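Here's the structure, in structure tokens; my notes come after.
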Amino acid sequence: MTRLFKKHYHPAGTAPGTLRELTLEQAGLLGPATFYLARREAGRWGAMQEIPVTEIPEAAAEGPLCWLHVQGLPKAEELELLGERVGLHPLAQEDILNGGQRPKVERFDDALVVILGIPELDEEGDLHLYQLSLFMGASIVVSVMGETLDPFVVFRRRLKESGGRALGEPDDLLYGMLDAAVDHAFPVLDSVGERIEEMEVEILNHPDSSTLERLHGLKRELIMLRRYLWPTREVINQLLRDHDDLFTPDTRLWMRDVYDHTVQVIDLVESYRDMTASLLDVYLSSMSHRLNESMRTLTIIATVFMPLTFIVGVYGMNFENPVSPFAMPELGWYWGYPMVWGVMLAVAVGMVVWFKRKRWF
Amino acid sequence: MTRLFKKHYHPAGTAPGTLRELTLEQAGLLGPATFYLARREAGRWGAMQEIPVTEIPEAAAEGPLCWLHVQGLPKAEELELLGERVGLHPLAQEDILNGGQRPKVERFDDALVVILGIPELDEEGDLHLYQLSLFMGASIVVSVMGETLDPFVVFRRRLKESGGRALGEPDDLLYGMLDAAVDHAFPVLDSVGERIEEMEVEILNHPDSSTLERLHGLKRELIMLRRYLWPTREVINQLLRDHDDLFTPDTRLWMRDVYDHTVQVIDLVESYRDMTASLLDVYLSSMSHRLNESMRTLTIIATVFMPLTFIVGVYGMNFENPVSPFAMPELGWYWGYPMVWGVMLAVAVGMVVWFKRKRWF
Amino acid sequence: MTRLFKKHYHPAGTAPGTLRELTLEQAGLLGPATFYLARREAGRWGAMQEIPVTEIPEAAAEGPLCWLHVQGLPKAEELELLGERVGLHPLAQEDILNGGQRPKVERFDDALVVILGIPELDEEGDLHLYQLSLFMGASIVVSVMGETLDPFVVFRRRLKESGGRALGEPDDLLYGMLDAAVDHAFPVLDSVGERIEEMEVEILNHPDSSTLERLHGLKRELIMLRRYLWPTREVINQLLRDHDDLFTPDTRLWMRDVYDHTVQVIDLVESYRDMTASLLDVYLSSMSHRLNESMRTLTIIATVFMPLTFIVGVYGMNFENPVSPFAMPELGWYWGYPMVWGVMLAVAVGMVVWFKRKRWF
Amino acid sequence: MTRLFKKHYHPAGTAPGTLRELTLEQAGLLGPATFYLARREAGRWGAMQEIPVTEIPEAAAEGPLCWLHVQGLPKAEELELLGERVGLHPLAQEDILNGGQRPKVERFDDALVVILGIPELDEEGDLHLYQLSLFMGASIVVSVMGETLDPFVVFRRRLKESGGRALGEPDDLLYGMLDAAVDHAFPVLDSVGERIEEMEVEILNHPDSSTLERLHGLKRELIMLRRYLWPTREVINQLLRDHDDLFTPDTRLWMRDVYDHTVQVIDLVESYRDMTASLLDVYLSSMSHRLNESMRTLTIIATVFMPLTFIVGVYGMNFENPVSPFAMPELGWYWGYPMVWGVMLAVAVGMVVWFKRKRWF
Amino acid sequence: MTRLFKKHYHPAGTAPGTLRELTLEQAGLLGPATFYLARREAGRWGAMQEIPVTEIPEAAAEGPLCWLHVQGLPKAEELELLGERVGLHPLAQEDILNGGQRPKVERFDDALVVILGIPELDEEGDLHLYQLSLFMGASIVVSVMGETLDPFVVFRRRLKESGGRALGEPDDLLYGMLDAAVDHAFPVLDSVGERIEEMEVEILNHPDSSTLERLHGLKRELIMLRRYLWPTREVINQLLRDHDDLFTPDTRLWMRDVYDHTVQVIDLVESYRDMTASLLDVYLSSMSHRLNESMRTLTIIATVFMPLTFIVGVYGMNFENPVSPFAMPELGWYWGYPMVWGVMLAVAVGMVVWFKRKRWF
């Protein structure tokens, strides 16, 4: 099962900005961070190359535009070095290391730090949120992806081909990454949508007791998505509203498109929640209905045999005719036995017809 | 079953504004787009004529007012040509091609792009939302209806007759189309309302197990309508609030009327949701009540026979009178047998009367 | 059953402001409209007199104040004439004719059109909403009540007596009518409140299966009232906020009183909704509890007889003592038969006592 | 049972400001109003003395500060006299007489009218809301308490001792009364809180069928409190926001304290609502669980005896050994009878063990 | 059980600012307050030392920065002395003494009073909220922790080491304490999260009847946390929005970090509430499902034996062959007895197969 909520925190009272030291185990699990750098020179993007941590470029207002991508969670000292070189505030460093942050945007003078989550389904269909931290400085954009997911497969290809749009300014790059991050939600939602439709068919036709568990799993994922999407929408809204001096009019236009995507995704999630709630109603009601219908059929069978058993019991009584002339003279009749069967058949058929008429089965 | 949620999306990271290339199959399903043009000359609207794609007029600030209607989804290159001629931004082109967009309004300088959905019931009563894209330029209005529905049957007649209002400016045309689009919701809601009332009668009188499925279907449609109506209201509100410089005071007045219609429709949808929820309660409760009532009646029958079967069992015991004088002397009495029947009748009647008094059936 | 939602609409795309032509049948149902006029002369209101439609006064900025009341739905041509004479915008004419409008206020220069609903219980206790359209011009107030209800019985008396307040300006008249319209909600709510209290007593003491239907009926009415009250509140709020230049300070004060009444009514409706929801919970739970209690009592009876029937069955077996000395020697005992009855009594009493102790009945 | 909703209203259309004439009966129930006056002279508050209605002081901008308290509902003519003397607007007079008003604040020039409700539990624990009307003029504060409750017991003592704060200005007095009114909610909430906790213990340990009724009663009270508290909060907020020119900075500070109390009380009410809802879930579930558990135990007993009864039935069949050698040779065995008992015991024990293992009881 | 809601209040009408006199018992329970003082001299923080109440420093605009921490609830006279020395408003004194306050911030000129709650789990896992009152004056920060919890263990260490940040201004100190207070919520939420996950496993695998009680306990804690967290968020928001003149730009930055933490915590609590609601649905449904499944199995067993018992009853009837040739000739057949068993086996197997096919067990 996915661990839905994961939070690393310091003991209350720790100085903020203190970088959490990862235990060896955690560091081991995550693997060492690798640093990749791409430089834009003469209007073209160079290839993305792995660099040692010591070669992280100093951010300069005038230099060529760089994109530094960190794959894997860097060690505290690596992050501090990175912070020094590009001007990343200690608070932002803390947010990157801690992981599991709420999407947010923070501005330090002319630098922006944007923290997002990338929703991704693993092979078993469980939902994970991977934190993506973005930093936009004067001539550098840094992206830190603490876990093994590579969110920029398509984006890097686009950069390489330099097709479509120029991507010559930091805000272009930032926009491109935001767009890539938000668009990761679509396949997830598509899968959720498909599972809802499968469940709809299943629940209306042949619900079983494992359905509920899967419905609950869906709800879990929708709760998780929702918790990530609302602040994401807020982040993009803040970028558009409060920090629009950092974006060219053109990028603002594209940014509004990202905003629209987020709102669309949220709409979908809310509709899915409504659908899931409605499906739960249908499921519970039809399960209880099926169960009760079967109980009724069983009870009908039992009820039909009650008077019959009573009748045969009557003729098992030890009253004897000579003593009491009223005592079951049928026992001595030629047609007595078939008559009793006739009566029993009539009773049984009568009851069945009556129940049928009342539409009890 | 209607596919409730349909979303075409690019892989995350694709350059925005990239026009999705339709697979042959999709293109085949949708059929080729046809272009129709109507021109207003000398204060009158000419007839609407099919034109080849190459004759799409260049938008000029001074030219006569044109209405270009595209029926069916255009190919990427057709759309690009259209974009060039009339000044349609690549982002808007993407929105038109992708379909399934959330209703929205976007402004590019003095041009407006409005994306709406047309709700329509098909022959089986399933709800579909067809995307209608509207573009208003200086002297041209373009409408793109990607699917087979023709939303402007009545509107075209009005244009032809030129009755009522002049429709001499782009904003008049845009308003007329918005009005036509929003009014498509009324027959849908009327049908929903009728189905709710039918269901109400059915549920209060003779609910059956298929009712739930249909109730769920209604809910689905209301969720879908709601998801489309709220942003539609927002779109019209934005037109009135943010882009009122593009409308004459007169059109603004008519526009407010469209806004009122939208709000009225939303009110209805919300009331319908409340009604459906209340009906579900009534349905579930009355189903479970009927089922339980029948179970109780069955149980009463079984329960009445229990003591009778016991009594006849007593007289089937092999105790014999000579050995034990207490052992069922009734067996030897003249009136013994009728007396036993009397006792059994008394027990049965007594129980039935008691259950009746307790109002158990 | 009340038809809860009624909507007349044009085919999508019809020119707005087109007056709907009523079918003969509809016109017949509603009956012809009658026009009544009252004039204020020399500081006094004259009597209200029926006038032919051709004598509708021309609105003049300077003339004496008139009140024109139209009872019954006017024909399209009558309404057009009225519109011409007093300056009623075509859109407002359409709203009057169509009926079933959402409460709203619209301003055309210095004229106001206010559309409200009058809630009214008919003789069977069903709720109806009758549309009241009010028009306030420079020297005339027009009220159109399309159906047979007369909302101004008390108001006319007040006008005649000219007691209390002067009613010498159009805004005074408009205020008086709004006040009369809103106050129609109180007796309706009072009746709802009484029915809720009756139901509360009924549900806590002797719920039956028809209760649910009536509870659902109450909910329906509350949904309907709510749908009418929220926009009414908004209408009065808009009058106070956006159009206060049309009202004297004094009238604004009285208007705020009407606003307070509306809010109070909404509060009540919301509380009633909460109450109804809580009552539904109580009802469902106590119904299911009663039913289950009775099932348990029945099951207890059946269960007590199970071991007894088994015991008498034992002594009905054909084992014979001489063959097997263990085979029911009781059959040959002097006290055997009473002993068996003793055992059975003990078993039965033991079970009853045990069930009683477990508080199962 | 408390009558939850009480509303006196005029017929729709009555002139506003018309004072409702109480029927004799109502007047009798409420008893005549008594007028009490306290005057502040030389920096000290004089004793509170009953005065005849004719001695109500004229409000003068310059006079010494007075507090006029009216206990019991005054007659229409008394209220009119009061209105004339102190400058109470007819609308406010109407609100005082009608009772059951929504908490509100109204300003007439420099005079304020505040209408509040005092929640109070009667001896049977039923909640009542008593309307308290406050009027603050230039040199007089009037309080009208239409019913028998005396809300100012502690406040009068404070006035007499003149301890703590000076209470030398009308706004001080008004504040003191508001504070006293709002603080009446605390003991009510405390009692509600205690009852919730008692119910929690009861529901978790020994729920019975009357619990539901009491839970519903709690909900009723919370609905009622909520309906009174939200507008109260709004009233105090309006005083702070819109009428702060009438208060000294010092009083504003104290007023914010009253506001905080109101918000705190609302928080509590909302939490109590959540708690009650959660308790209802627990109650319903545990009631149905207990009932079903007992049904299962009963059914288990019945089910265990079914095969036993069948077995003894087998040996009651009239097959005879000589005819058919297969026919129950056990009947002729020495150990036959004990063996049958052994089989029956084995069956019974086997079933019980199986049911036990399945944890069915 | 935790007492969820605790409120000390004065009788309605008491002068505000009156300090509640604790009963001996309460004072005894809480123990006497101890006063600790730390002084910052020459850029370093001195050690924290216990001081007698009389040595509380006078607040002076120019003096060295002090931190006065009061552990345990001070007596009324101690608090008054403290108030005099450092300039704590009587209203704030009242709030400190009363306890159980809603989180709030109040400003008196340049002094700020912030009231917060510290959530803490006790050893039995019950949640408690301890009130922490903070006062920030020109050169002093006072913290009052009325109960035995010590919230500043880690913070004091940080102060001692003076590591990380300078903490040289009152706003730094205040920020540090707020941060420490808010961070106390994380371990609580972590524990809640773990319990939710444990419950999820338990409910999906082996729910029992105590689960509901624990689920209700979780809900209780979430209601409590929510009631504390929303106003806490508001407090920090107000500090940032309304009182930012009291904070350096740097501290504002850190403060926003605290705000983000609060929002994150609220998000979690809301998600947990959704999860708990979903779990309740799953629990109720699976409990009722299991119970009903077992009932069905029992009923199946009983139902299978009904016809068998009937059949053996038939052969127990006293019809005799010579009298009626139709009367059970099987009794005289050689294979009669085995045949009857064959029939019974066939009936039983037939029923079981039929039920199996219907998937009834």
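A, B, C, D and E are the chain letters, set down in written order, and residue numbers restart from 1 in every chain.
Just so it is clear, contacts are C-beta pairs under 8 Å (C-beta built on N, C-alpha and C of every residue); 3 or more make two chains touch, one makes a residue touch a chain.
Every value quoted in this text rests on a predicted model; they were computed, and no experiment measured them.
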> To lay chain A over its twin chain B by CA atoms, how big a turn is needed, in degrees to the nearest 5?
Replying inline: 70
> Same or different: do the copies chain D and chain E touch each other through matching residue numbers, with over half of them shared?
Replying inline: different
> Approximately how many whole Å separate the CA-defined centres of chain B and chain E?
Replying inline: 41
> Approximately how many whole Å separate the CA-defined centres of chain A and chain E?
Replying inline: 25
> Residues of chain E that touch two or more other chains: which are they?
Replying inline: 288, 292, 295, 299, 302, 306, 309, 313, 316-318, 328
>> Quick check on the complex: what are the chain C residues that touch chain B?
In response: 1, 3-5, 7, 9-18, 91, 101-102, 104, 106, 108, 209, 212-213, 216, 219-220, 223-224, 226-227, 231, 280, 284, 287-288, 291-292, 294-295, 298-299, 301-302, 305-306, 308-309, 312-313, 315-318, 328, 331-338, 340
> Mind pulling up the chain E residues that touch chain A in the complex?
Replying inline: 151-158, 163-165, 176, 179-184, 186-187, 189-190, 193, 197, 200-201, 204, 253-254, 256-257, 260, 263-264, 267-268, 270-272, 274-275, 278-279, 281-282, 285-286, 288-289, 292-293, 295-296, 299-300, 302-303, 306-307, 309-310, 313-314, 316-320, 323-328, 351, 358, 360
